[in-house]
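The structure under discussion appears below in the form of structure tokens.
Chain naming follows the written order as A, B, C and D, and within any one chain the residues start at number 1.
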Amino acid sequence: MPEIANEPIPEASLTGGSGKQIQELIDLLRRNNLTELEFESHGTRIRVRHEAPVKATTTVVQESVPTSPQQPTHSASTTTSVPETAIGFLTVTSPIVGTFYRSPSPDADAYVEEGDSVKKGQVLCIVEAMKLMNEIESEVDGRIVKILVENTKSVEYGQALFLIDPKAV
Amino acid sequence: MFKRVLVANRGEIALRVIRACRELGIETVAIHSEADASGLHVRAADAKVCVGPADSSLSYRNIPNVLSAAEITGVDAIHPGYGFLSENAHFAEVCESIGIKFIGPSSENIALLGDKAKAREIVAKRGLPVTPGSPGELRSEEEALQAAKQIGFPVIIKAIAGGGGRGMRVVSRVEDLSRAFQAAQAEAKSTFGNDGVYLERYFLEPRHIEVQIMADQHGRVVHLGERDCSIQRRHQKLVEETPSPVVDEKLRREMGRVAIEAVKAAQYRNVGTVEFLLDKDKNFYFMEVNTRIQVEHPITEMVTGIDLIKEQIRLAAGHPLAIRQQDVVLTGHSIECRINAEDPEKFTPSPGTITRYGPPGGFGVRVDSAMESGSTVVPYYDSMIAKLITHGRDRQESMARMKRALGEFTIEGIKTTIPLHHRILEDPDFQKGHVSTTFLERFLAR
Amino acid sequence: MFKRVLVANRGEIALRVIRACRELGIETVAIHSEADASGLHVRAADAKVCVGPADSSLSYRNIPNVLSAAEITGVDAIHPGYGFLSENAHFAEVCESIGIKFIGPSSENIALLGDKAKAREIVAKRGLPVTPGSPGELRSEEEALQAAKQIGFPVIIKAIAGGGGRGMRVVSRVEDLSRAFQAAQAEAKSTFGNDGVYLERYFLEPRHIEVQIMADQHGRVVHLGERDCSIQRRHQKLVEETPSPVVDEKLRREMGRVAIEAVKAAQYRNVGTVEFLLDKDKNFYFMEVNTRIQVEHPITEMVTGIDLIKEQIRLAAGHPLAIRQQDVVLTGHSIECRINAEDPEKFTPSPGTITRYGPPGGFGVRVDSAMESGSTVVPYYDSMIAKLITHGRDRQESMARMKRALGEFTIEGIKTTIPLHHRILEDPDFQKGHVSTTFLERFLAR
Amino acid sequence: MPEIANEPIPEASLTGGSGKQIQELIDLLRRNNLTELEFESHGTRIRVRHEAPVKATTTVVQESVPTSPQQPTHSASTTTSVPETAIGFLTVTSPIVGTFYRSPSPDADAYVEEGDSVKKGQVLCIVEAMKLMNEIESEVDGRIVKILVENTKSVEYGQALFLIDPKAV
């Protein structure tokens, strides 16, 4: 039997993160002139609506995200899924369960930093699963607004990794 | 003993395993699909990992994601529950190869006994009674015809990789055999990815009797009596009971002996179930071995006092059996009713939000469920939402208690099969114990 | 057997009795005060009658209204539960006189054993061990002083009509006796309307062990083993278990024999409990007989498989005992935690609305409660809102299961004693079974 | 053991009667210019408020009443309790559990009929309990608006028996 890892196991609480999420949503709402925010208490489904002059889309935020909004991927694609969100940022989520690495090796530089411009197809990070290194690429041109996970931390399926602003190339 | 176990399942069985682990002082990790993020089994665990979208082939059955979840949370064992990866020999093998204990039999056990025709062969070679049938896989219509003529009609064609009634065809006349053979092959192929089929005598009004066994690493095996699972709809069990109203002490000992010999023939380890068919003259025939914990395991727990999930974990951790056959005492009688989120007459699924959930309580009543007020029954998985189990000093008390408990069970917002169970419990044939696997069909046709 | 029974109680015990009646095919009539109109026990019954306002002396204890309710609904028996009218000899007598069966012992049994000093006298006359004390009621301070000197200090002064710790005084020194005697008399008078008191030796760190008995009309008596109720706060039991960690087979047999002889001496009928005090050297002394079903009866049900309420009803209907002493088999271990609507540290009552109620479930877990989401805990009655009972193969498993079940129990909107029970279960002395009736006092002082 | 009475046992449902009660309340509300009606779903406590020019009182209707509003009695009095209700009628409730008789004997005339004027102290009915005949008297002068219970039926504690209009003497 393997040694038990010493890392803390992820938080079990369902409600732990939602207060933070709501605050973030409210901030985003203000910054982006959104008009509506719906909150359903059971199932904790949060809905943000944007009645923008051009088009209104919806981002569904689910509670499994520890620190930030996410966009669940229902496609069976094996790379990242980056649908456009209402607030104009794209969320890069993990398509697999594994360990998040920001650089190809411990000594190497990070693939990207916050504020960096990235091109479509550029490697953003590695998620290691079953000893395999899975390179996660950007699907758009844009700028890294935020890196949402710390280096070497575990990530679950659908967990948000990066926020990219596709307008700020 | 294990320090941390990943529970690779959902719903009531995941919660059942988490409860057993908690009582053993073992930490638990839940996995879940995006559709189950707020499930009770997820909150009950010490940690949780989302392993994919609602579609179970991309989440609960997604071997790389499930194993990655096990690795990143540092568990030393995985409990597969039933369904999903529980009878997947490849999954068990990968677990073994990366040093994570699969809580169940060895991958060889699963592979061997997963081949239903091969299992029958092994058991028959030991001189144990198996249902008269083709010796192994039928390679052609010719072979099927020959076997059927030898056994005598009616016969039933079954998928080698089968389960849950898929890929089965009953044939009463020789002229129907060819079409049924092809249809069974096609269904087996599309359902299990393996078109192998075999053939057995088809019994009229048989009982489905299964024997629970436990086997340790040293090859010692005990049986825990039988379960009568004759109340089935389309091969899905609805009501189970133990002891069977028709199995006496002598027959129980005999079936127990055969069950033990059968699993010894396969060098089986961990808990398992040997399924038999019992005909009207009380002849019994080996059908197959289920290499997982079963949905209906609680009724055996109620009459033996033995926690099967804890035993399963202890055995997987290498502990020897703590009891001998003579220590197994069956006390009273137990019934399980499976409560499904279905229309109780049309059996159409009834997913949705449970606006009010009030389980029954009191003496001799057990509820295994991961539902609560506000829970959502999602449409992606099995429709079973609760198991209602009663125990009494005898069958009479156990039935009276079940009727009482069914009457107390409040589930609002969705339709459930509770009204159907009320009707079954009121049925004079059921009350007398006069049932067979064809009971429910006739009952529903009334 | 009775056709219709009136349940002259409320809350969990009323629901408990209704469940037993339902399983026996007996119709039930609930009574309720205006404060309990929407209670679960009221809805669970086949019929209901409001018998008065919230104040129990005007409703649940209002004999004319309760008997009128029995008459207008045409019941043939009344189950009194515990508390309220359950030990009221006058009520039992009126029931007998109007031909409605009182489900319990005869009014003579209640009257005789309700006089605690008289009960001790009868038992002592048979040569059975009673706590050293005054032979009967103390008529003066003189008598008290003489008795105390003979027995040796410390002594305890108790009310003859007593119960629940009211009217008791412990006296360690001769110079404190006079004041304590007067105070006990005054409290007995104001609480029970009877200033009779008696005196016993006061034991340091004794255990409270009681033996459950059942007696039929033919004078046959069996005992169902003991319950260890040493975890008490101000003479109110909080946690009970069976078997007691300190009672072995030999001691059980001996206490059982004495319990049976004691109730035979009183020509007792129906179910009852003989309370003993067990000192550190395992000497036991008769204290009293409780002539009602007790709060903690479920743990005896769990280890014997015998439904005590059903037996109580059968015995009241004149059925003979269905079992002999050798048929009583004690299996495993059971614990009960009484969940009260109280602050778990200050023990102040916490009435209010339960916004969310989620009972634990699974193997070996039983919940006896009349609460549900939305229930209101009214301030007029006892604060106990649920009994959580677990059963396991041994004390270890039973405790692990209790910890697991306490962790699952969700009660929101009011404060409960669940956190206190968690702490007790984690206590090393409790885990080793090293407890006495002084345990909780020391535990809370830490 | 006594014979089982053949009378149907009272309805067990808690909600069975409340629909009717609510309708009655609404009718009363309209007729009497009441302004408010509160309904609490748990505990089924119904509250009617009347903002009358002179004074506003409240009548609490509890669900244990099978057919009509009632006024619970918290006094320990052994006769009827007739507090004034908001709608101007007085409710005579049963102070005990028993059987309701409208006349002193099966052949005799009823004590009162609907529409009759009654004087304070006049016997309205008998409630039999434990073979004792308890005469229930009116505590006011007034007119019998409605007799709420049928002759020979059982009544529970607090059950409404008569509605009296004290203004219509």
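Methods note: a residue touches a chain if its C-beta (ideal position, glycine included) is under 8 Å from a C-beta of that chain, and two chains touch if they have at least 3 such contacts.
Note that the structure is a prediction, hence the values are computed from the model and not measured.
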Any chain touching subunit A and subunit D at once appears in the list none
Number of hops, subunit A to subunit C, where each hop joins two touching chains: 2
Between the Cα centroids of subunit B and subunit D the separation in whole angstrom comes to 59
Report the inter-centroid distance (CA atoms only) between subunit B and subunit C in whole Å. 43
Calculate how many whole Å lie between the centre of subunit A and the centre of subunit B, each centre taken as the average of the chain's C-alpha atoms. 39
Pairs of chains that touch, anyone? A-B, B-C, C-D
Contacting residues of subunit C [partner subunit B, same complex]: 15-16, 19, 22-25, 44, 298, 301-302, 305-307, 329, 331-332, 356, 358-359, 361-369, 372-373, 393, 397, 400-401, 403-404, 407-408
Touching subunit C in the complex: which residues of subunit D? 1-7, 9-14, 42-44, 62-64, 72-74, 76, 96-99, 129-130, 154, 156-159
Subunit B - residues contacting subunit A, complex: 2-4, 27, 29, 34, 37-38, 42-43, 45-54, 58-59, 64-69, 71-74, 76-77, 98-101, 353, 374, 376
